[in-house]
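Structures given as structure tokens follow.
Paired with chain B in one complex and with chain C in the other, chain A is shared by the two complexes that follow.
What follows is the complex of A and B.
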């Protein structure tokens, strides 16, 4: 191709009016790019794990029996939103739990108020600060009975350890390696850890974590948060919540 | 390990701060005539010098030896072709390597019942619903 030929051919310049001879080609390229990038974007988005709905609300109030171990829970006895007998996980605002406020109220009838987060069968209430968020119900005739734990056997499960607050919808996504630092900060702050199983156990996909004795297990799981792990332990049902009393020594990254 | 890395980074940045101070107050006038008498822009160079102070020192030394004009750009241009080939090979290898070593998910791995509950068979039936 010589110089004269080069000069006679239309030449595209971004800021100049497109030469007539090049317009069909440019339109074709433009359409292909729109379809190509649109398709790649759709496929990339469609292959991502479901980040959850993140549905919640501005404020909910419930009355129920609080239990402290392994993490603060509420067995609902009265609420507009939650059915009686439902088990709520409790956390505080931001990346904090409510252990400091809940320790003196173990087994007592309390009123809680805060912002709900919910994902699937996980329900958590992020309590307001101070007595507005958690207070003893004065003058209650009698504290209702807390359901006895029902053992469901020893299981080996594969799944991910998350913090209940972010997984419930405070973050989207609240799972995966990219969320590991956030999850660890939440867990260190006292937010209850949950195990998200790859397959449902007794109809439940998430289980509250505890150690083998039923106590808090946060420190033992921090190195395995946000990864797919295998772990063994006893599963028990408390109300409508499953508690996974794990053996931390059995924790291993899934192959 | 992390503490050691942070200490190394801290030392690196302190050396960069020293290089920035000397270069911006004294050296830049000698290697770039257009910078003479111009001071407002110099603080803007501090973050960059903190990070790439070895390159600054090397360029400073090269320019002080009198290499100017086309020659000053020759070294990066000379390696451009090789760098392009290396990057063309390295980027796909890094991406493929990352995909290979990352965990495969989501996975439907079965939940394995290792031992049934010792008691309360009625409760077990209820849990399976």
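What follows is the complex of A and C.
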């Protein structure tokens, strides 16, 4: 049974004028609603996490030796922005890699041009479309020198697998689970995957990922992108870049 | 209680209601985009598109939580009933805000890639077997689809087309939709929010909605004491003039016993419009008036006055001393039952 309530309590009927007795209450509720929305909006926005220091920049040009595996890289030999011997990750515009254009230029001296993204030690160039972005340097030696890989041993590391482009600052934030599908799309499109380690390895926090044989590893890591994972593999230095040749079977969500 | 359907039946109360709603939503988005984000502690600015998807997404979630709080609040305190009156506009607005969120997500996270955005939405992440890393987007899509269906069928045309019980059942989908939205946020943005403030706001909203439903459920009328076919409703003297007491006839059925001057009449507690609780209404101008949207019924036969055509079932009543008894079997909607005079000793 319900109590029938107080007889004098005002009764609201939608199609009639609101009873005067109820008005102060309703005005109060309306004000509370407005304050609630304003307050929650402010707190939710003001406490957003820092997306990090990654940032993009204006067009840059560099000359260097391109290597194709596991992902297109450039060992800089000549550039205004980058020191000689620096290693750049290469990708295309938006969520595209440059594998199609780079495959014929493995080991050759090339000129690249595009938009840089940079975060800490990570430098990536998002190449312009067509030969403007990537072209062979005419008259250069057919087999220029590239630094030999230096093995740094076997490591078990904890960290996050990201697409190098978004992590580098093409998107802010470009990490985390909310961004996961976007990261996967970049990786599927050919953007190099990077491992952002919670612990520094030989002074570096990010490593380019490869499979155990040093080839591309994208398909094997897609289910473990954008979250904290543990993975084992060989670390090697190429130029000033670390490459993490992982054993995908050892991937597991970090406890 | 309309004889014909118009796109929206406006009246001053709805204008005020919608104005307050719109003001709240506009304020939320403005504060989020302009003031809150400027106050965030960041090394490099967050992308505008990402800020916008967060603003609209969190606003839609807050709106949905408030909508779901209105029902139990109105049960616990009748002064909240006016909020229920125009809840459908609230729902439609929530759909619009949630859709804006989805459009920003699609146009940013799922754009600029070799894969078509809509295909990418379903193929970029297929880790359905994982909890962490689950493609939480599909949960958001499910909630959005339900909101779309509810918004599209919110008009009274659909109510009469589908019949109130079916319509009501359809609109109960809002609960699974809310559950999906909760999981969508919990497996997505919540995982990336490093500051506990968001978790507190989010958890607070979900807990409030849950606690209010629990409290309202605990307040529901208890199973009545029964004498064969007759169900005891209470003491005739406890019913104020123009008001009702509600009695549970079966687990799914309730009757409202109204006092109209010196007579008593019993009708179904479920309004023919959207199953509103008639027993929480009043007799206005000689008619039982639903507390939700003001549909009216004559106490003696459960019919809406002409030109309206809605009807609710009626029940036989009898008195044993001052105790009111209601017969379990209802009469078909609109059946006239002679009102029962109040006992002499009831003032």
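Keep this in mind: the second predicted complex is superposed on the first by the 200 of 255 C-alpha atoms of A that agree within 3 Å, B and C clash if a C-alpha of one lies under 4 Å from a C-alpha of the other, contacts with A are read in each partner's own complex, and residues count from 1 in each chain.
Following the convention adopted for this analysis, a contact is a pair of C-beta atoms (placed from the backbone, for glycine too) under 8 Å apart; a residue touches a chain by one contact, two chains touch by 3 or more.
Given the structure is predicted, the values throughout are model-derived calculations rather than measurements.
Contacts of A:58 after superposition on the shared chain: neither chain B nor chain C is touched.
Contacts of A:172 after superposition on the shared chain: chain C is touched, whereas chain B is not.
Legend: residue contacts after superposition of the two complexes on their common chain; A:37 is shown touching chain C, with no touch to chain B. In the superposition on chain A, contact is made by A:49 with both chain B and chain C. Residue contacts after overlaying the shared chain place A:199 against chain B, while chain C stays out of touching range. In the superposed model, A:227 makes contact with both chain B and chain C.
Counting the residues of chain A touched by each of chain B and chain C gives the higher count for C. When the shared chain is aligned, chain C comes close enough to touch A:25, but chain B does not.
Note: residues 49, 227, 253 of chain A belong to the chain B contact set and to the chain C contact set alike, using the contact criterion stated above.
For chain C in complex with chain A, the touching residues are 11-14, 16, 20-21, 23-25, 27-33, 35-37, 39-47, 50-51, 54-55, 58-59, 62, 66, 78-83, 85-86, 108-110, 112-115, 120-121, 124-127, 130, 132-133, 135-137, 187-189, 191-195, 197-198, 201, 221-222, 224, 233-234, 238-247, 279-282, 284, 289, 291-294.
By the touch criterion stated above, chain A contacts chain B in their complex at residues 49, 150-158, 197-203, 227-228, 232, 237, 253-254.
Residues 1-5, 7, 9, 11-18, 22, 25-26, 29-30, 33-34, 36-38, 40-55, 94-96, 169, 171-173, 175-182, 184-186, 188-189, 222-227, 253 of chain A are the ones touching chain C in the complex. The touching residues of chain B, counted against chain A in their complex, run 103, 105-120, 123-124, 126-129.
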